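Next up: the structures, one after another.
Next come two complexes built around subunit A: one with subunit B, the other with subunit C.
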Partner chain A sequence: MTLAAVIVPFLALCVAARSIAFLPALGIMTAVAMLIDGLTPLQEAGAAFAVILGVGPVLFLNFYQYDEVRERKVIAAPFLLPGVMILLMLMNLYPDGTVFPAGICVVMAGLVTVSVRQTMVWQWAGLLTCAEGVLLSAVMYRQVTAFAVTALIGCCIAILGGACVHRVMPRVHVVRAPVRQERKNKKWQRSQQDDGDALDHAAGAPHPDYVPQRSGASDRGPAS
Partner chain B sequence: MTSFSPPLILTWQWYLLIVIALFFQIILMMYAAPYFRGFVDLLAGRITGQLRYWPGGRWQNIRHQLKRLGIMAPGQQVGCIVTRVAFVLAIAVCGMVPVFSLSPPGFPAPGLLLICALLVLVSVLLMLPVMIQAGQSASDGYLSGVSDILLLPALTPILLMTGGQDLSNFLIHTRAYSPSGEGAPFVLAGAAIFLGALGQGGSVADEAQCPLSGADRGLWLWTHDILQLCWITLAGDIVWSGVLALPLPEEGATAWMVNCFYGTGGWVLKLVCAMFFLVLIRLVLLSVIKRGRVRFLSVFLAGLVAWQIATPLFLPVSDKNEKGTPPSHKTSWYNEEEGGFAP
Partner chain C sequence: MTASLFFAALSFVWPFLGAVLVAMTGKAQNRRLSLWAAGIACLLSVVVFLNPGTVASGWDDDPVQRAGRVMLAFGLLMTVLEQKSFQTRLLRSLPYVSVGLADLACITPEPVVGLGLLGLSLVYGVFVIGHAAGKAMVGWRILRSMAVGLFLVLAGLLLPPGKTEAGIMLACGSIVLAGLVPFSMIWAENVDLAFFRPFVGAVILLSLHFRAAGGDAFHTTLIIAGLVSLWFTAVSTRGDDKWYRFYSFPLALAFIAVGARADVAALLFLCGWCLAGGTEMAKYAWAARALACQPPGAPFVGCLLLFSVLSDMSWMLTILTIGGILGVILRVFPKNSGDLSFWPHDSAGRVACVVLVATGFMVPLAMMLGVF
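The block that comes next holds the complex of A and B.
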């Protein structure tokens, strides 16, 4: 049991309570929790999949507009989830001692997210959270088959969810204002063509090298 | 739950040394508290783009208030008395929270429940002058007071985890575990106490509503700073107790003093980390009621999970040996057979 494994369920709770924005942190922390125990190929592959499933969807969503309007306010979700997690830990406390069921807690958080939240993106986040949790459990208990199946399913969820997002949500286009761009180009061309002196004369300002002469200073001479 | 309190006869030299260390600790905490608050304000101002004074400005403000003549607002005699009582209690708490050294078993030390109760009592006493005013500020004061009192029930899981033993004994037990490994539940417990301490700083709105003036106002501000520092030091102790010095009979007094020096460095490091977390949390904008709700929920949840995870660590050592996991801590750090130790 490490600190990373303890933090992972809390990040899953943040995904359920707040938004998908915590998913990258969840993925990275899951990878850390896997890698701390050792560096076997299973753990490395699990960490790689955890990071891909956590970071990839959020990067992909950056290209789409996100509207939270349809989401109904559910106050119970953040309260429901801790109850489930604590019940789970109570059940798992004494049988074999120190193993903290981080992966199962993350799966529970994902299931609660899927069942409580309505928005498509949030449900997608819930499914991905479930996948992260099962990956973590599979790596912690060294189950290669479970890991392979979960990685496959996780990739399917990511791709299908991405396809749904692409179909439904409007894309973000960064558009430069064309008029302003032309004006900027013209101004630049004019500044290249015109002489600096001509501009200064037009504005009525003196030349930067102009030094005002002291009138009458030489007539007076030193005081005697 | 095992507790470590071997019967130990402390020699009078050790008593004297520890009392001097406690005195030094109180002075250090009282002097550092306004600076800590000033640094937090400065950093928060930097991040939010506001102009703030340099960190010593807080201390200057307090000194200025202490020198000023006070104007007694009608009905505020109680407020003056209560502020002074709160200040004295805050000084007492400064001596109870381990800063750089643990007190050895046998030396009178308080439990976590007593420390938390005293801290909550001080914050309620500090809110009394605001409560006995008329108008809107009174209701705001009541709200703060109620949220302070509710902190104690929210901390119940951590108090249960600590049990009835002294805080020093508990920390002697936990210092065998590394914070990033086996000691993870204690990091959670410390985080819960830290989250509970968020409301204890005395916000700008509270300061504006405080009707006191003169020396009483100075004491009021100072006590708020001490209170915040005490909470954060307590959280830091529980998160990482390995850095605190522990008097050992075989090493003697000199090694203990060097460890105290390292402990002070660790304390400063913890304060710097806490400062960054405090500033980051200030960036989260929530309404007062919602912030309180989130705060209590997170304190309770973190404490409960910490208690759950830490329970196997408190199981008797013999059970663990049967299961094959090696126990990483000794049952006693002291020469019980020799009946004590001398510096």
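The block that comes next holds the complex of A and C.
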């Protein structure tokens, strides 16, 4: 039982209570908890997958507009979660109190996140937390087949969730588009000014060929 | 021996071949071709059931699993018969691929590998369902609830076998994967049965493999969850929009049978699910009657077998189960469904009726002869 294995469930708790932003920290700490016991190929592969599943989705999400406002505040969730974890630990500890079931606790946190939170991104984070937890316990109990299956399912969930995010949420560059348009307008103004057009008009104003003629005609009318 | 082994291997490869064939052809010849492919899959599974070449060559294959694969193949045939035409190539290949993966998941000696194959089937199904326009969130909701079940089962398999927590987690995961009604709301989504019929069948067959890892807690949890689902369906409000609650009725009975160690009864309920369960049930009275355990039919015989096993375990459980089934029949059973005739008018219904009645007669006979 290491300190890293104790910190991992608390980071999973943060994912459930606050937001998906704690997922990279959870992935990296899971990797540390795996690598601290030794450096077998299974542990290295497990650490690699834990980091990929933790960091990848959050990096991907940076390209999309994600608003957390839509989430209804559920205050019970963070309190429910430690209860479930402590219950599990008590259940698990009394036969042979040597191994802290960190992986199972992380899985529980992920399941609570999936069932309590309503927005898609948060549920995605919950499923990825589950995958991290199962990866951790597969590495801790040295089960290669279970590890391979979990890595496969976790990657598929990350990809399918990313595809769903791609289809449901607006991309960030769509928001930047008007800015680019303004820049284009400014460029057009500059090119107009370079051509020798001395008229000081705003962007999007009517064409200078037409406006002065009419106003000039109405102004000149009474004078002549 | 060699021929039977060849047929066994072919029966596993055939659904994938069929998927490729059906996806490659155009719409004109598609229906006939898909009927042929599904028919050959049924024939192959029956041949493998009668001449097991897999036992001698070391595959982990018992008669219940082989009979379950026959049911899955007939479920494929029913799916193809019911759907007049699938729109896209991927949708056309979906039932074949999920049946093929379900077959493979049932035969793997390690339940973890079977679970991984189920996960692949889920991923393919979600991809195909979700890539249609406007279906992204439906796909996501299916993925979410099924992935919860997958992770629960995985966590249960990682715990030391035989412990209480392992059994509870395995049972909860199987129940969420199968979509029993109060525990999972997946049927409210108006889901695509081409994917779910083999998937849920494979979950029931795979839950027989979880016994060694689950222990007594696994069986107890399954029986309790099945009874809760039964009584929830029985006392829930009646209404045409709540049809999905009746979907999981045969599944609840199947899980009670798995929990009571009555494998053959679970097989008969699986037969009912594969042949009569699903969306068409609302339209056809025969399917609802067969699912509601009325004679003749496989679920009726399954009920009798289940009661005989349950009454050995405890009288209380038997009375609760009978009460739940009666409640479901009295309250949720469709009173005004369209086709009230006993012998259905369409070809899909006729095939299903014949297979249901034949299975109901043949399985007890096979039990007496000592096949199971």
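In this section, the second predicted complex is superposed on the first by the 173 of 224 C-alpha atoms of A that agree within 3 Å, B and C clash if a C-alpha of one lies under 4 Å from a C-alpha of the other, contacts with A are read in each partner's own complex, and residues count from 1 in each chain.
Quick note on the criterion: a contact is a pair of C-beta atoms (placed from the backbone, for glycine too) under 8 Å apart; a residue touches a chain by one contact, two chains touch by 3 or more.
The shown structure was predicted, so the numbers you read here are calculated from the model rather than taken from an experiment.
K.L.:
Classify the contacts of A:S137 with the two partner chains as first (subunit B alone), second (subunit C alone), both, or neither.
P.N.:
second
K.L.:
Now for A:I157: first (subunit B), second (subunit C), both, or neither, which partner does it touch?
P.N.:
Once the two structures are laid over each other on A, A:I157 reaches subunit C alone.
K.L.:
Let me test your reading of the model: by the given contact rule, A:F100 touches which partner, first (subunit B), second (subunit C), both or neither?
P.N.:
A:F100 contacts subunit B only, not subunit C.
K.L.:
Counting touched residues of subunit A, say whether subunit B or subunit C comes out ahead.
P.N.:
C
K.L.:
Kindly classify A:L111 by the partners it touches after superposition: subunit B alone (first), subunit C alone (second), both, or neither?
P.N.:
second
K.L.:
Examine A:V6 and indicate which partner it touches, taking first as subunit B and second as subunit C; both and neither are also allowed.
P.N.:
first
K.L.:
Can you tell me which positions in subunit A touch subunit C when the two form their complex?
P.N.:
Counting only subunit A, the residues touching subunit C are 88, 91-92, 95, 103-104, 107, 110-111, 114-115, 120, 123, 127, 130-131, 133-134, 137-138, 141, 143, 145-146, 148-150, 152-153, 156-157, 160-161, 163-164, 167-168.
K.L.:
With touch defined as at the start, can you tell me which subunit B residues reach subunit A in the complex?
P.N.:
Checking each residue of subunit B against subunit A gives 179-182, 184-185, 187-188, 297, 301-302, 304-305, 308-309, 311-313, 315, 320, 323, 325.
K.L.:
Could you please specify the touching residues of subunit A with respect to subunit B in the complex?
P.N.:
Of all residues in subunit A, those touching subunit B are 1-6, 9-10, 78-79, 82, 85-86, 89-90, 93, 96-98, 100.
K.L.:
If we count contacts the way the header does, which residues on subunit C are in touch with subunit A in the complex?
P.N.:
Residues in contact with subunit A: 110, 112-113, 115-116, 119-120, 123, 126-127, 130, 136-137, 139-140, 143-144, 147-148, 150-152, 154-155, 157-159, 163-165.
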